[in-house]
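In what follows, subunit A forms one complex with subunit B and a second complex with subunit C.
Showing the complex of A and B:
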């Protein structure tokens, strides 16, 4: 059998629970050693996808491949995957050591090697001083690390993590994010990481998939997904976005060269990552707040739109302006160069952007 | 607004058993605890320990129809007569067989109920509880129509030509008593085991499978240790009524399925031999005590041996 470059592949995989379609025909390819995230709102099918990969749910349709091998019918205990449960699911009657040793002991290796591997794994997650504790006497973060050690000690080809930081406070969460990233680099195995926190997915992933209602809306690097969202949903879900409705008036190679916005008052060029645009298409222009600039007078040579300042909010390193545009739509602007006394509520201003930062998604 | 809330808040803070009181209030708390406990303890002494004490006295007295009530240990000597020893062994064999069979059936059943039957969980539980609502005597008579010489089993087997003539060991044997006892006490074994299973997080079972454990390893190293206490409770709950059952052996046991309790009943009510009857009662009690103690040891051992 030829070695597959992909640790994991899903081909048109669906999962139905009675009438409920939890996962609706998704395709995924995750290379060996990648940190891959599944990101999406609650109920979009992330856990179901992970559970199909782990073997706890069988796909209703489609094919699942692990290391190039069709795996739909392989039971969980024969798969080279391990799942870190959102609720940790540690064995309550076993010590930290016994919990982590559970997997290695199933493989036929000597107790000495088991001991060595368990201690290594516990050192990786910095829990080696707690070997004799029972799970109930550990804090949430410590339990989470034990759950992680229990999974990585098996050196699976694919490690599946279901919102493993969900229960932690912000500070511990940030620490664990870095630690997880470090561990992933250290052990070099493929991580499939489920979260509904877009910031978490952005900081940790090599690539990520944005899911919505059982479908994958876009797969790409964090930069791609942020700067070139394929759909309106992705644009709104990832980061903060101002969306302007417009009509395509001219195209070149699928990308609009002229879009009229706000009742023909503004025209701009835009890039386009999703389906190619055609003349007459209704599109939404995605403008990130940090790409917008404020001016007292109409600027020359760049697309600009008139508006009125509604609020100017001091946020430490920058100021957030809320601007009301001509079609009464509100825009959020983060301008590092403007100061608060430059534009006070009620002032008439112009909002401009550089054409290269404008991105269009077809409705 | 705050006025309206005060009484409710006060009420919520009042500890039920006086554990939250301090200083002077605490001694009043323990006094009232004494009052609370006096009732149930009194009832127990009067209706449970009392009769048992009387039986204990009887077991050391001449208490047959012609007996004069003088002190003696002859009852315990008589209790060692071959016929009683044989019945005692019979009782033990039947009780242990029923118990083992009961656990073998109830344990997987409880597991299925707790984890596998999905939306049938509650209906099945109710059916199980309901099956126990049937009058025990009627239930035993029903078993006679199933196991009897011309009963359901024999009829079906003869019709299917699997046997030439009715099986004669189906009823009035140890077999019949074991079957009836097992069936009668099934709900009492399943329900505590089910309750114990329900405390296991389903994800923990999945974790075991995820880490490479097949069903047997999952059972041995996760399910059993986590339900050991419930397992012990079940043995205690069910073994004592089984070993002291007198209706089943009397109605389907015949001579070979005799048990101590039915013999004791006969000694008391039929033959008026209260002395030996009392002595046998204490033999039975000691045997039950032994089994309970042994189950404790067993679960202790299992706790030590599970994780490898």
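Showing the complex of A and C:
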């Protein structure tokens, strides 16, 4: 096996089911030891990608490398990957110990080593006191831990997780997110995590790929994809975004310095990911609600837009304002400094933002 | 009828009426289902060759006569031999067809599924006559072999139905999980799929065995000179003086079968309890 910095590499990988293109030419490089997420809505091809990595589906085109080794034709039982199923898929007729020992026993190592490794794995997930229990006598969270132990005990090059927290309730899910991250750091295995839950992906991942319609829209750290989305889809899918459609009027080094939005010439400065902008390009300005501020009067020196308060919703630590701007466009504003007395429904206000927080995506 | 609902309803006049109605209804169903068997058993102890009242007095002589009749034992032995071969063959065919039809997607899968299920809905009389025509057209001599073949035809689709229902209910990812953890296809089958099918295989065996052992109509057409127990019963019925003896041996065979089947079912339930499974999953799903 050649030494490779990447635990997993996909080169122009596609998967067709008959006429349906599930995965459409994706490229991906995941370094050793990284927590990487494939994030996207259902039907975006993320699970198919995962199943190709696990060996349950064969790529129609492209090359798949595991730890630097071309692996397209390696059957699942010889692959150095393990999958944690959404349904856990624990063997119901085997105890916790037997479930976790299933992989090591197939590797034909001595029973003493099997025992040692199984107990190690169970201790990592804190289930070592349940060795003799049957899966059906465990809670959802406990089954989840056993499924994880059953996978990490094999020390795979890549550990694949298919929405493993989907069946748990919210509180347990939050707990397991941190737990998964801890376990991943502890074992140092590369995790590839499939989810449609952007918050989950943001919480745990070192990097993530946002997928849509079989393609990767953007790869980057959670901060990058949040603050500098490459496409309109990413901007809308990750977090909450106000999108203002406009036309570029001036450009400096590929980034728009002035954009007119829907007739009202709202002048702004924006960064721009992806392709460089040119004058006349149609762009969408991405404004995160927490980057918007409310004013009674037009503020000086910052880009601003007039509007009227439609709703002011108390949300505990902050207040969410819904502002109707010109052209009946609605903006969501999370202003920690404004109070409901300052801006009540019906009031005329100004919405401002700092130019450095504005980001433009080319349509 | 649950105790809770009858207690709750029992406090009203309407409830009492409904309770009375349900009791009568249950008694009627019970009478229709078990009446004939009970009459058979009662008259096997009657000291008369006439099947009718008044009762002439109790006797066990018909049982003694039955025990001395060599044809009974020969025919029972034949039936046991046939069922003992038909059962494993049907289970094997049922298992392989069930795995093929549930696991794989292939052309004509629907058609093949329909063909496998067909013997369950075609009248056994038609299958019996058809088998006879087929065997005589192909010059296959009638005997144990032809009985066995025709029994497999009617019995293995039952095993297929039970086993594929269970395979559908099993978590579809269990097989993939086994492969993912390094098991070969054969190991996945041996270590994961088969152990989970054992209770269903046992239940299928019980059903297939009793179908084969009790079958008259298909055996009748394909037996040639062989006598299975149901065929012996049918042929002996024509001699009126042997009728009580038939009653006696039929009662005995029925009792033994009920004991064997109930015993096997209970044993199966204990095994499944120990594994944390519910036996009802086999017949009514979980």
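As a convention for this text, the second predicted complex is superposed on the first by the 359 of 363 C-alpha atoms of A that agree within 3 Å, B and C clash if a C-alpha of one lies under 4 Å from a C-alpha of the other, contacts with A are read in each partner's own complex, and residues count from 1 in each chain.
One rule holds in what follows: a contact is a pair of C-beta atoms (placed from the backbone, for glycine too) under 8 Å apart; a residue touches a chain by one contact, two chains touch by 3 or more.
Quick caveat: nothing in here was measured; it's all calculated off a predicted structure.
Undergrad: For the overlay on subunit A, clash or fit between subunit B and subunit C?
TA: These partners clash in the superposed model.
Undergrad: Could you tell me if A:137 is touching subunit B, subunit C, both of them or neither one (first, second, both, neither)?
TA: second
Undergrad: Once the structures are superposed on A, label A:255 by its partner contacts, choosing first (subunit B), second (subunit C), both or neither.
TA: In the superposed model, A:255 contacts neither subunit B nor subunit C.
Undergrad: Which partner does A:172 contact after superposing on A: first (subunit B), second (subunit C), both, neither?
TA: Neither partner.
Undergrad: With the two structures laid over each other on chain A, which partner does A:93 touch: subunit B (first), subunit C (second), both, or neither?
TA: Both partners, subunit B and subunit C.
Undergrad: So in the superposed three-chain picture, is A:322 touching just subunit B, just subunit C, both, or none of them (first/second/both/neither)?
TA: neither
Undergrad: A:83 contacts which: subunit B (first), subunit C (second), both, neither?
TA: Both partners.
Undergrad: Which of 42-50, 150-158 or 168-176 in subunit B clashes with subunit C after superposition?
TA: Clashes with subunit C appear only in stretch 42-50.
Undergrad: Starting from the residues of subunit A touching subunit B, keep only those that also touch subunit C in the other complex, and list them.
TA: 54-56, 75-78, 81-83, 85, 87, 89-93, 102-103, 106-107, 150, 154
Undergrad: Subunit C touches which residues of subunit A in the complex?
TA: 54-56, 75-78, 81-83, 85, 87, 89-93, 102-103, 106-107, 134, 136-137, 150, 154
Undergrad: Using the touch definition up top, name the residues of subunit B that touch subunit A in the complex.
TA: 201, 203-204, 206-214, 217, 221-222, 225-226, 306-308
Undergrad: Inside the complex, what are the residues of subunit C that reach subunit A?
TA: Its residues touching subunit A are 171, 173-174, 176-184, 187, 191-192, 195-196, 275-277.
Undergrad: Once bound in the complex, which stretches of subunit A touch subunit B?
TA: 54-56, 75-78, 81-83, 85, 87, 89-94, 98, 102-103, 105-107, 150, 154
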